[in-house]
């Protein structure tokens, strides 16, 4: 039993290794030194406090975005709408911070902003959920459409109600900020903030809901087999909507992390942040488990921070994209790994 | 403006912007009808757009003149098909989760093309402009027909007709030929097809390759009729819209075409809206989101449930029960 | 003499199991050769080898004396071998004709010549009395017709040797008799048939020879004319079989389920159940007999809340439960063994343990204040697994990995353990072997003995006749008669099921 | 300051002697055919003219996401022994420049297109409304239909300067002309650019001025299509000389260029000579040739060019102050009557 589970977890690990090897080959072909590149990335991300801190800054929304996608997947739903939910959550948190009296203590302010993001992102997830439950509209289309609606609507709201020079909202008051002098000093001036605690709590919450509560049992049952769930007396439609709400809420909190931690304001966005799409990859890399999502996010963030180092070596940063894509491919095609392993076993071990 | 004047602006423009979506959505139909989900349409369009730009420039360079964009379309279809084989290998041979593999295609396409653009054009993030585009024309004779002439035969690119004709061709192929029957059979019930001696993997490879060809074509058409060069942001979301059009159109080529035209129409309507006096007072955000809201309303209101091909997304493993 | 088919010493392994172990099968031209064996004996596997879907590890195959290597169904087809699979291989959304011609379509300039195809189908259909509608979509036709489509598929390809894998499991007695006729017609036209079944009666009726397989090994081939059914049965199982029969005295109690004038629409908005009335009393098994598709599924769905009733009333212990949500109905005391165990009965990706609390997970002691208590769930699962002899490596094994029989036992354990006032058992033994059937029948009878009501819906007439206290015959959404099993023959029941009233006028002839 | 990788393994040490300058692009990247590219061209010219070494003495870092701005700036603070002057290109980087500058008081920064008030930051802004006014004069005089189009990318304060300056220029020379204004909501939606251009030309406009980045590609495309069919339509390009974008149909009437390159080169020179202009806001307008018409303007007749020069003088000597915002435009219109 245990060994079986272990080998299941080996698949992403091997995929990551294969992806890095493939990336190395591309670098070699293009005339770069992969050892130096990976060495620099490692050195930067793990040994240089500033970049470690910045990596964490990237990790935070990524974990939450990955959780959002993974949660939906567990409930049998495909949420491509994280981008939109994230924008709405971002705006909801920043708007709340700006509208509440700045003098409120942090213990009220920050939870209030995060709750606003949960509600905002949740509603943005709720709508496709409702449309699917009520009208059987395919969630892939609605979530794509909702992304664009979120992009334009949040921009318009910022322009109309929260505009500050520089095409953004004003800064949130310090009482709503997740940043701290302690982390700033610890990481030599990076933007690392307490959102990492929020993200980790998010991971625990997802694990707890799905695996420890009867509601989670229901959500998973509906995800795997709606017919049997209906037979067993579960309200399939309500669960579908709830799953989408929770998924959207995670995405919304991811947005809040940008607003309360990374930037302290919201910009008028010309395009999507990309965090939602990365979240899909992270969720799949992490086999839709909380812990896996955390590991996947670390890998992604490390590679993204590493881009800065690669640029300094003159390696086009798009190579990182390619490596990430290859890793995803290898994870997806995990059968290739099993297949190879079985081949090797057959050759090596002979008949049982 | 009179209604006719508005339509004369809106309809040709809707058809033009719908064209890449139609082509790509048709590709999606092929792939999903064969049982392979293709989230990677965006990536296939990116590849096509890249090839469309690079090869038009190359062909112009070697003196092929006005034929350049047309030949580039051909190359884009071929390379698109070749690139999509990655998705095919992963999801058919190696039983990958097809959604994941599609997402990987999207990442990979963007990474590789931008990387190559930089390699090819001295560090530049985008290609130069192409000189020879596929232009919008007035179809001789036909554009003089009253009413429909100005709407459907003026200010239109031949690629749009090609896309529309292709939609009918794909429909014909899928529903009237033995190839189509076989392709659909492996998407509905691969085991049944297998027992009748149909090579499930081969049909699925073909389905995916055709989606690559059409997706590549879609991306290239976008470049040679609209964008005129290629950069990282040239294709941003069009592939996802094509995916939506395919689902909206219920996996039917003609439905997909209708949905893509609907998207195009909604967008051009929202653009012309700003010039129509009584719509002018509406804040522009409403017009910006109108196409997406309309789509959702249309789906919820009268399109309703659509059933995907039954075996779509499920790897076929011989002999598994 | 040359055999039309000779399979010599076939061995086929699956990971961890030898499905066929040195099996030899010899079929003579123009005969119906039965292949008999328990569930999992290896019958389908052997035929899949013959049909080119599996490659054997060992052994040789001869067709009409020629040694052949059948590496794909195409080659099997070229050799004149056709197979009607146990699970129909039909594409729902295609028409009958499309299903038949798929893979060898008549074309004209690349276009399928659908006119020619339909004509060919019609001709074949008439020639063998198969009576199918070439235009109909497969999802709209009856199971019996679907099977005839499967037969046509093989004939269309010019098959000389037809393999039927458990063709009667899903048919009504009438349809079975039709099928037997068709098979006899086919052999009289010179074709040879291999018939897989575990029904001895059928073998006696049509087969010439019978090869018995047990646990992957060939036990022997006998002339059917010389063999007693009991002999075949013990060859198959390796021991003697007792059939369960309802022999205890019948003392019905109060009405548990009362259905009054119930009308239910099917997915196409047609009344599948048509002002139907029925009562089930405590201490009785009420069997519902009927040809598949006469409203049985919709009736059950309406009772259990899975489908809305259009009109009428459903009362449980005198209390109205019409239009209630499934959960309320379950809690009111109805348990349900669903006819499709994969679709409704189990979440295949959950462990078998978690499946054991599918309807009760939210109640104490399995969950308190919304938090699951895994120790309690595990205890319950272990108890049920033991009590009902569910063979599974562990409580944590995914339900998917269990065999069909064991999956069914798990569902029955779960449902009976809830001690329901009314147990609805829909096709509880479909596709199971005699051992498993015996077990399940005993459980149903126990329910009755404990004073509970059982509503048994089955297409197996034997099952209905052996277990029921009363038999309600359903036809076109109505109960057209209620009879006592001791006072009716199988033939009479068959007539009723076809809509013919026993006494008096023939109202519903067709 | 104490943060980051100080990269001292590379040559380091002689920081005082060798002047090093670098820039961080916004997400548009160094080849956006717009201000990032222009800035990099300026920096390259400076580097070559002064014999600096690419990638060590002068370099750029590209930002892939908005969240890269800060780490990229910080990297340059320490990379290769630290750069003396670091440019942040684009208003999107305002906040990042402000923060990093505050944390690194010994490094000099410059921001293009926005203002950061700090001792060690030089702000470079352009008077886009002045250049736009001049191309507005061109359009106002040359239109045959009295309909002119303006296509914007995102509706931002910056792009509003283009719009209002342009409209003011048009109205100054041709009060009867009507300016159709439309924003695409994106700088990268060529299809929308084309659709808007189609709509504006379709409504009779014969000249369109775009300030919409790659969205403008669609505007050019539409114009080229129409020109090919014999319509006499024009596009006015933006940011740099967009002559090439209009070829081969030659639809570029002129472009409103913004000499980010000159500004970057000039500031780099000054800084190398010890004058960092710290805390100053350097505004480049017509006077400094920071904005203006591109060299390609062959299709503009002399009388129009003369008028343009007249207005240029008036703007330079302050007789005319082209409006930046909607409110200023309203006032400007009123003053015309």
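All chains are identified by letter, namely A, B, C and D, in their written order; residue positions are counted from 1 within each chain.
Definition applied: a residue touches a chain if its C-beta (ideal position, glycine included) is under 8 Å from a C-beta of that chain, and two chains touch if they have at least 3 such contacts.
Each chain and its UniProt protein: A, B = ABC transporter permease; C = ABC transporter ATP-binding protein.
Just so we're clear, the structure is a prediction, and the values are computed from it rather than from any experiment.
Just to be sure I understand the contacts, which chains border both chain C and chain B (ABC transporter permease)?
Neighbours common to chain B (ABC transporter permease) and chain C are A.
Could you let me know which interface, A-C or B-D, is made of more C-beta pairs in contact?
Counting C-beta pairs in contact for B-D and A-C gives the edge to B-D.
Can you check how far apart chain C and chain D are, centre to centre, with Cα atoms defining each centre and the answer in Å?
75
In whole angstrom, how far does the Cα centroid of chain A (ABC transporter permease) sit from the Cα centroid of chain D?
Here chain A (ABC transporter permease) and chain D have centroids separated by 35 Å.
I'd like to verify one number: the distance from the centre of chain A (ABC transporter permease) to the centre of chain C, where each centre is the average of its C-alpha atoms, in whole angstrom.
Measuring from centre to centre gives 47 Å for this pair.
What positions in chain A (ABC transporter permease) touch 2 or more of the other chains?
152, 155, 271
Which residues belonging to chain B (ABC transporter permease) are in contact with no fewer than two other chains?
If we look for residues of chain B (ABC transporter permease) contacting two or more partner chains, we find 233, 236, 284, 288.
Which residues of chain D are in contact with two or more other chains?
Within chain D, the residues that touch at least two other chains are 155, 185, 188.
Can you name every chain pair that touches?
A-B, A-C, A-D, B-C, B-D
Considering the complex alone, what residue numbers of chain A (ABC transporter permease) touch chain D?
Residue positions touching the partner: 44, 48-51, 54, 57-58, 152, 155, 159, 165-168, 187-191, 258, 262-263, 265, 267-268, 270-271, 273-274, 304-305, 307-308, 311-312, 314, 317.
Touching residues of chain B (ABC transporter permease) toward chain A (ABC transporter permease) in the complex: what are they?
86, 89-91, 94-97, 99-101, 103-108, 110-112, 114-115, 118-119, 233, 236-237, 240-241, 243-244, 247-248, 283-285, 288-289, 291-293, 295-296, 299-300, 303-306
Quick one: in the complex, what on chain B (ABC transporter permease) touches chain D?
The touching residues are 1, 5, 8-9, 12-13, 16-17, 121, 123-126, 128-129, 131, 133, 135-138, 155, 222, 225-229, 231-234, 236, 238, 267-268, 271-272, 274-275, 284, 288.
In the complex of these two chains, what residues of chain C are touching chain B (ABC transporter permease)?
48, 51, 53-54, 72-74, 77, 83, 85, 87, 89-94, 98-99, 101-105, 107, 110-112, 153
Residue numbers of chain B (ABC transporter permease) touching chain C in their complex, please.
The contact residues of chain B (ABC transporter permease) facing chain C are 172, 176-178, 181-182, 184-185, 188-189, 191-198, 310, 318-319, 321.
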